[in-house]
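If you scroll down you'll find the structure; I have some questions about it.
As written, the chains take the letters A, B, C and D, and residue 1 is the first residue of each chain.
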Amino acid sequence: MSKEYILRVKCPDRYGIVAKVSSTLNKSNLFILDSAHYGDPENKYFFMRAKLIYSENELDINKFSKFFDKECRSFKMNWSIKEAGYKPNTAIFVSKYGHCLQDLIYRVDSGILPMNISCIISNHKVHEKLANWHKIPFYHVPVNKNNKKQAEKETRKILNELNIDFIILARYMQILSDQMCKDFYGQIINIHHSFLPSFKGAKPYHQAYKKGVKILGATAHYVSSDLDEGPIIDQSVERVDHAKTPKDLELIGRDLESITLARAVKYHIERRVFINNSKTVIFS
Amino acid sequence: MSKEYILRVKCPDRYGIVAKVSSTLNKSNLFILDSAHYGDPENKYFFMRAKLIYSENELDINKFSKFFDKECRSFKMNWSIKEAGYKPNTAIFVSKYGHCLQDLIYRVDSGILPMNISCIISNHKVHEKLANWHKIPFYHVPVNKNNKKQAEKETRKILNELNIDFIILARYMQILSDQMCKDFYGQIINIHHSFLPSFKGAKPYHQAYKKGVKILGATAHYVSSDLDEGPIIDQSVERVDHAKTPKDLELIGRDLESITLARAVKYHIERRVFINNSKTVIFS
Amino acid sequence: MSKEYILRVKCPDRYGIVAKVSSTLNKSNLFILDSAHYGDPENKYFFMRAKLIYSENELDINKFSKFFDKECRSFKMNWSIKEAGYKPNTAIFVSKYGHCLQDLIYRVDSGILPMNISCIISNHKVHEKLANWHKIPFYHVPVNKNNKKQAEKETRKILNELNIDFIILARYMQILSDQMCKDFYGQIINIHHSFLPSFKGAKPYHQAYKKGVKILGATAHYVSSDLDEGPIIDQSVERVDHAKTPKDLELIGRDLESITLARAVKYHIERRVFINNSKTVIFS
Amino acid sequence: MSKEYILRVKCPDRYGIVAKVSSTLNKSNLFILDSAHYGDPENKYFFMRAKLIYSENELDINKFSKFFDKECRSFKMNWSIKEAGYKPNTAIFVSKYGHCLQDLIYRVDSGILPMNISCIISNHKVHEKLANWHKIPFYHVPVNKNNKKQAEKETRKILNELNIDFIILARYMQILSDQMCKDFYGQIINIHHSFLPSFKGAKPYHQAYKKGVKILGATAHYVSSDLDEGPIIDQSVERVDHAKTPKDLELIGRDLESITLARAVKYHIERRVFINNSKTVIFS
């Protein structure tokens, strides 16, 4: 049985990268099934993702890594390789709104999102019963003005113990600390319920209603310490008209949020997303 | 031959408006072919548009107006009636980019937009030849720091003489004076090349590129004295990815601009748009 | 407390219908909050839906009905009135695929779809546990070549006892009998997993894959005795490319199916849909 | 000044193709700027498109071709290389509807579509004046029941003399002969005014109206001898409702047709499209 792997490469752009990578892979009996790359003409950075098949039994990742490092040293690559079938462990953070959570659970159950929901962490108990029914560990971590540091400490402990690969903020209404944002940069996906950069901050549907926009949006992005400013992964939109109340907009927006978040999560776990300064490169 | 009319009504909302309007029309031998109305639950304002058919020869508008005013006096209506087939006179303002202008001309020629292009006014001569070929009067009104007042005076004179009903800013890169915006409020449609309220002001495609948005937009709106803040008439969007350069975004954006502007103009000339404070009500 | 009602009217088109309806309502102290109508220019049929508010206590529907019938007799109307807040009873039919079922349950739970799921009827037991968790009565009615008549009899008995208003086929892979389609015409909504009229019948995603379409679709429609030919209520689409396998198309299609079905059901329970021969009129 | 080239490869899929191509290019001092490939898992065929930069003066295409052929012989490749900036010569065939023609001319004029419109061929004289204004050679080739062979002969002569690379049927209402379809397979792009495979043949907007679809479409495809059955290049859609007449659908459809055709033509002239039996592979 041959195995598949995902290779990711990021380095300063120059001639010959693809050729060098291809020949190095070939020498290791790894063959490219599918690959995509992009050179940012502005900052001269190169990004590559390749799906590989190993022609023999099991790849010795350590041995391969040493060889690849040696062969490609001059390119100063930031690279990684992982089994294609690897299912990352995720922690879903949620407050009271449960539509994104429900949607994610459904997609994991039905095989659309290949990941393990290792736990649900919430500042409310609303979704405990749902978590129990799906046999997902549920942690109630209340957050208020006075216990922020303690709550974060508790949260980090859970993430550590469960060996979490990345975090999904599925309408989690708390702002993470700067340090948390930095430590997990590129590993926290948030869904913002507007078409960013429009309507940052609180109550975007009310802002959209007040402005009278004719198209509603949702944005999934990596969390940075600037609120609602991290690199955008995906956006979706839906046409609306004057007759829609803020409540209507909210209901329409829920579908946008669920779908946009699910798509961003899928890109992330398939290792298709690269952070490119304040933006993303996505090989879809 | 019976004739068709468009009736527009705007007034404080209360019970019985539709019934009163319907019966008044009936008494005047005007029958509703198509109608739509909307009561804004927030500011308690009512909006109505109806397409009417007159069962006899020609409606005496003056006589009807007096009767309608008398019957509906207590409702404090702001209303108007006009022949459905009336083709408004428009002045198209344009700078160097000609895609919206070309698109509008094509739609007028092929009967999609029932209006007269009475003139093209431009601060450049680029589109004079095109205007000539289509036999549309072309006015070259250069604008610079020192002649703004004079240029506006000249422009107003043209609009006056040609009996202009409304103005289209088809990528016109000059800011109109506050007074001009006020005097023609609700009669100037602008196309802004972004998904407002994102990326106001100059170079929106560069802003969108820098922000790394995954969806590009265009917005047609009435011009107010707040730059890019007037009531939104229509918006369109198109999915983009990381590989798009600012130039690519601009090219993709051109289609969005042409289509969005054309749609907004169509709504306007079919008298479907009502300004509702900072928003619009559109019976589409 | 004043109550709201939905009035629906369908009749041969002619002048004066709106005026007559409006004045009749007015005389009954019913005021139009919102209304829409449409005259089909081809078959000369008129359709109207109005949301009404009753200015006094409780409307005596019987008394009003007699009065309305008398006043409007000459128009030969097919009409009905119902409380706006009425929640219809629905039976959801499902086979093995559960995404539409799950989505409907979620939308009912969260108040997006104001209806009662009176029961789930399935030819499989897969979704029994889910039904139990949500405390929805579950009926396992197996269907095979030999028991079709018996199964239908059993099904009809359930529908009768539970006083079902309409049926949702949420990926129910059995064909209903002609008689069933006729008896419940306009009361059964099906989701077909293609952009009808393309790819009727079985395995539409495989058909779409084979044809190499660049856009995938889903269609919600009323069931008629012609398979996949009943009046279309709503359709949705999503762009796809050559790299998508039939499995990918199926996964993408699931979102389209859930959303399209939910939207069609919402239109139906808000009484916005009229059947107009082989088509629908929808006041959205 | 270094030059850019587009390489296209099509061959039976097997391990090592990318590595072989990359190293062969490298040896020829051609470096990959951008590349994409796809292996069809069903028919085991491989497709690749790469944008290359030559690090020296001018590439000797003949010499390179011999080298590439020799190096890659065992892969049985169907391949080609061309300067990236090459502008193909196109002949636009048109009947009476001019919106696609106008749109194509505008896009060529404004630099969006890098091609030469070598001629316009029409069975009517409607667009002669437009062609003259844009200084595009116009050929009036009337077609009727009796002169089909003669008309085709005349047409082929024009195409030959003008060294045409590909043909655009921009709403050309004549059916080409089987022989013509075969001889120019993959070089004729047609715009069909429906969402194929729905509504093949004549009057698709009337068919769509009759069926009551809620979404309208347009399809650009390569012409094959099976009418409206050739490989699909691109499709677009737009939401419509019951109130749209066949005339409305036609007007809405025009925008879809223009945009879809322009997009398909762009893919084609950028050499992004591969025919894969009855489907296309497009590296967008």
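To be clear about the criterion, a contact is a pair of C-beta atoms (placed from the backbone, for glycine too) under 8 Å apart; a residue touches a chain by one contact, two chains touch by 3 or more.
Because the structure is a prediction, the values reported are computed rather than measured.
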item	value
Pair of chains joined by more contacts [C-beta pairs], A-B or A-C	A-B
Taking each chain's C-alpha mean as its centre, the one farthest from chain B	A
Chain A-chain C separation of Cα centroids, rounded to whole Å	37
Rounded Å distance, chain A centre to chain B centre (Cα mean)	42
Shared-contact residues (touching 2 or more other chains) in chain D	38
Residues of chain C touching chain B in the complex	15-16, 18-19, 22-23, 25-26, 31-39, 53, 55, 239
Of all residues in chain A, those that touch chain C in their complex	98-99, 102, 106, 110, 112, 133, 251, 254-255, 259
For the chain D and chain C complex, residues of the former touching the latter	38, 41, 195-199, 210-215, 217, 231-237, 241-243, 245, 276, 278-282, 284
